[in-house]
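The letters A, B, C and D name the chains in turn, as written, and every chain counts its residues from 1.
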Amino acid sequence: MLLVENLVAGYGAAKVLHEVSLEIARGEAAALIGPNGAGKSTLMAAIMGVIEARSGRIVVDGTNVTGHTTHSIMTRGLSLVPEGRRIFAPFTVRDNLRMGSIRLSAGRPGFDERLDYVYGLFPRLKQRESQLGGTLSGGEQQMLAIGRALMSNPRILLLDEPFLGLAPKVIEEIQAAVRILQEQGLTLLLVEQKLDIALNIASRACVLIKGSIALESSSDNLKARSDLDDLYFSLAEKAA
Amino acid sequence: MQDFFELIVSGFASGCLYSLMGLSFLLVMRPTGVVNFAVGQYAMLGGFAAVAVMTTILIPPIALPYVPGLLVVLALMALLGAAVEWIAVKPLVDRGAPPVASMLSLLGVLIVLLEVGARFGGTEALPTEPPFGFRRVEFGPFAGTPQSLFTIAVTLVIFAAVWLFFERTLWGRAFEAVSLDRRAAQLMGVNLRLVTVSAFASSAVVAGLVGVLISGTTGAYYQVGMALTVQGFTALVVGGVGRVDGALLGGVLLGLLEALVMRYLPVSSSMTLAVPLVVLLAFLVLRPHGLLANRGGH
Amino acid sequence: MKSFLTLLAALLALCALGFLLGSYESDVYRKLLLWIALGLSFNFLFGISGQVAFSHFVFLGFGAYWVAISLVHWDLPLAVAIASGLLVAAVAAAMIAIPSTRLEGPYLALATLALGQLFLLGIASGRDLTGGDSGLGGYSLPPILGFTVKGPWYTACIVLMLGLTYVILDRLDRSSFGRACRAIRDNQTAAQAMGINAPRTKVIAFTITSVLASLAGIFYAFVDNLVAPGAFSLESMFILLFMVIVGGTGRQLGAIIGVVVLYMAPFFIEPLIGHYHFMAFGALVVILIIYKPNGLVSMFDPILKRRRMAALEKAQL
Amino acid sequence: MMFSLNLSIATSTAALGLLAAAGGAQSQETIKVGVLVDQTGKTSFYSQPVTEGTLMAVEEVNAAGGVLGRQIELILEDDNGRPDLSATKARKLVDDGVVAIISNSNSGATRQAISVTAESLTPQLASANSAETLTTLDNSCFFQLGPVESLQVKTMLAFTKTKGYGKVALVGDNSGLSTAAVDQFRMGLGEAGVPIVEEQLIPVGSQTAVPQLQKVRAAEPNAIYQVAQIGPQVVQFFQAYQQLGMKQPILGTFNLSSSSYLTTAKGLMDGTVFTDAFDPEKPEAIAFSERFKAKFDKEATSLEAYGHDSVVLIVDAIKRANSTERPAICKAIAETKGLPRVMGAKGTGFDFSRGDRRGFDPEGVVVRAIENNAYTGAVFSGTKN
């Protein structure tokens, strides 16, 4: 469904990703894990067309989308929940969700349907419908960010560290919602630093170290590893 | 007292022009962070374009009536604004250069436009026929000319339309989203190219409209650009940088202040031009956020 | 020592040139030298310190008007006129800089642009003192120590002033102050984190360069023995900005190249393209900012680099 | 409009070059005359038409065989209307060996150029400048051909003497052109004992003149002297006057003779009278207008006539001096008396023999009026009433 091949990308003179390859099948939930600064968010940005791929290619459902603009990649069914939520603070909850629907081709009827869907997933957002985004709690903002990304009716949802800085209770709540999405057949790519959360959700994990995939394995295999606690460290040693 | 009410109308009308210039700045500033000092030259060219299409002075075979002429001028301005973005801004943004590079390159554009205006239109003031003329009209204690009322009405309609667009339509919200968080807006699927190009085009259209309005009152003149640039930016700084309603408020206040200072304070009348300059400096130093608070963005 | 001798030789050559030229050419030449001096100080302000300030011509005009008014209306001795002019310019520059250097990018540009317009309005309204639009004239350089300085000797004075400007700015640029200026230009937050006092550095840079502009203005006052507002308009300010950008922002050599190219260009291209040179400058600036952001001077970089490498190799042998 | 003007100047220069070349082949070298013109600056709108008149006059002289059997070659220099540039360009012309310089730029630029021509005593003729003090500068070879401001005041005062305007207002703009005129009008009115109850300036770049004219209205003058010179500000004056329902008579200066006001201030100027240096019914003016129209297919204005007259003067001086030496030409000009010219009232011509280097006949200014959005002929002339 989503195929990344030998992707090289970076900012200015700095090369962040070195020939990264990755494949995710339809309905699968994969995790992209790795330490800080490994290039996880850069990979997300490159997949979404926010930064340019210097070489390599990105293929969605057999269509090469390398070099396409973000909005045209979104029409192929991709959507990203960005790191740090990036809510439009002065907009109401509803207006935030409206922004998410901007690439929805079905127009007004489609919008109402998606809105009901998101409100069904996160009933708290419905209660806060006309509140300003900036006044929500951290957890609610994260729900809004996910809900907003779902408004474009994606088939692949990329989640960039959605649990960062949230209370355990909220994390559980959002995990539950993610599980529902999974059950409904949405393909997921989750970026996460914390291994336990990642392996809980995803069936397969790719470990990104210093801009390269250092290890790819099923979650069960990974969980069984003895060096799990300092996995990144040992992989980094090996890479060096 | 009669003087006061006459002044309110004429100060309000001048202020409306400043507000529109402020809006022209704002339309580009908000979504792109670029300050385009060439907007004053758009106004100058808009004026000459109006003379060209509405009268026989510059291009003898063409003399359209006011409304079609206005539409033609505004369409030309939209093209000009988009072309300026494409030539002088896009390559820099693509390279990742800071906004100040765009500002400097637009200063180059400013000079090119100024010279094009001076060569094409000449250095003399050229007129268009104002649609409503200058006879005195009175309503209650107020008195003005049909032309000043026309300017006020056009300005209010433009501001209402822009406000409704930004607050009520999905695409208007998208413009706002871009100015709040460019990256997040991009991830919503907002077409940034389209937003940037329409921002530059609409900015040129609004400034061009000012030029058309002025061509009917004092004539299209090659030197109006710089004064309008300062007045428009001052309107923005007074009202609150980054707000549509701030531009309207700031411009109108500035227009009224100019008229009242001129009429009632014992200063040399050539110093009225100093009013916007002094107000601008005072606000920049003492209250850089203007009268209305900013709501985020740049 | 070697660089000092090179500079001395350059200044002597510039003076000598003044003795070879006819009256028209030496008029053009003097104004070129003044533009170079202005270009150097503006380059420090805009290119090295990163302040997009449009007030440079205000200070040029201030220096010129101050010395002219001192001679015509106040009958001050020349030395007093010059010294007081520089002093007042320094105080005024600092007073302007303290509030305005807080402003960033376009806001500083607009504030200093407003200042420039106010200056011109002031000249227009203070006509009894300034002569208004047609300017203030009817004076000439008083004898200095009994000598009447005129013709190529006055050109030599301008060369001296230019040399002084160059040396001051070159020293500043190479000192820790110059590095602080560049650090603030590139990233103010990072510079402050490194312990640089950004506001103070900016104010000092603004004041020094503005005083140097006033100094050039004092010398300008005796080139035509007339000061008129037309020379200090925004248009001239734009040309100066363009000169620095075209030559190569932030480099002394760049400023010199930019000034020479844009100042001399009209004399050569006017017969070809008529009066469109100002328009051509605007277009040139857009093209250079986009395609050659380091200016014309960067075209010589490979040569300079090669020479430096060759010198290095020689030293190693 | 300006496009066509530029073009016509360019083409006539080219034509002149050809003529000069042809002339040079059959006789000696050409007589070089320099022209300082503002082709690109703020004052180009009047400097260009003046220069057009100069070019046309030279073409006519050359077509009739030139002067002293030689062709005249004009060397045009654009000074952008800037004084500093004007001095530089004047130096260039002097170095080029011109026998005289015709100054068609604004008076500030002319003034600066005088500092250059004074060094080499090059004859310099200011075609249209009306500034008062140009001839007090120390170039005894500088001659001013236009009417100085004080002459306009004197003529207007003579014209209004019988109307009994007890108190008047004075409105100008803040350009150099206008403030100089305001000064002269203030002085002239003061000398004549007419009190000025209000004096206002409309700043260049402002959008309305309503506050200024309200002050004028409040002072209740019997008449208003309108001496604003910059187009938009002149138009604002008339608009505000109309808007405020004012009825006082408006007395203008020759700036109002620029026909563009008939469109910019269409219908707003009726009843206005203004002083002018051009009498359309003067026989020389009729002849000039006909020749101009035949050549350029448009109406001549006083501006072209100014430029034309400076050539008339210099050609006459070269003929009488029978020399192209600068001092001889200078001397001949200073002795000019009764030389007919296009500008000025009927029967007036050049006269420098009074020892005044301002050659406009003191009785040569006329008063014209605007009726039904059109200019009338002279309704009055001279300073005696």
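Keep this in mind: a contact is a pair of C-beta atoms (placed from the backbone, for glycine too) under 8 Å apart; a residue touches a chain by one contact, two chains touch by 3 or more.
Worth saying up front: this structure is predicted, and the values here are computed from it rather than measured.
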| item | value |
| --- | --- |
| Least hop count linking chain A to chain C through chains in contact | 2 |
| Farthest chain relative to chain D (centres taken as mean CA coordinates) | A |
| Inter-chain centre distance, chain C versus chain D - centres from mean C-alpha coordinates, in Å | 37 |
| Centroid distance [mean C-alpha coordinates] between chain C and chain B, Å | 33 |
| Inter-chain centre distance, chain A versus chain B - centres from mean C-alpha coordinates, in Å | 42 |
| Of all residues in chain A, the ones touching two or more other chains | none |
| For chain D, residues that touch 2 or more chains besides their own | 6, 40, 174 |
| Numbers and ranges of chain C residues touching at least 2 other chains | 124-125, 275, 278 |
| Graph class of chain-chain contacts, one of line, ring, star, complete, other | other |
| Every chain pair in contact, whichever chains are involved | A-B, B-C, B-D, C-D |
| In the complex, chain C residues that touch chain D | 22-25, 27-28, 31, 124-125, 127, 132-135, 137-138, 224-226, 228, 230-231, 270, 274-275, 278 |
| Chain C residues touching chain B - in the complex, by the definition given at the top | 52, 99-100, 102-103, 105-107, 109-111, 113-115, 117-118, 121, 124-125, 234, 238, 241-242, 245, 275-276, 278-279, 281-286, 289-291, 293 |
| Contact footprint of chain C on chain D as seen in their complex | 6, 10, 39-40, 78, 81-85, 87-88, 91-92, 94-95, 107-108, 111-112, 115, 119, 131, 137, 174-177, 179-180 |
| Complex interface listing, chain B residues touching chain C | 35, 37, 87-88, 91-92, 95, 97, 99-101, 103-105, 107-112, 114-116, 119, 226, 230, 233, 237, 268, 270-271, 273-274, 276-278, 280-281, 284-285, 288 |
| Chain B residues within the chain D interface of the complex | 3, 6-7, 10-11, 13-14, 17, 55, 57-58, 118-127, 129, 134-136, 143-145, 148, 214, 217-219, 221, 223-224, 226-227, 255, 258-260, 262-263, 268-273 |
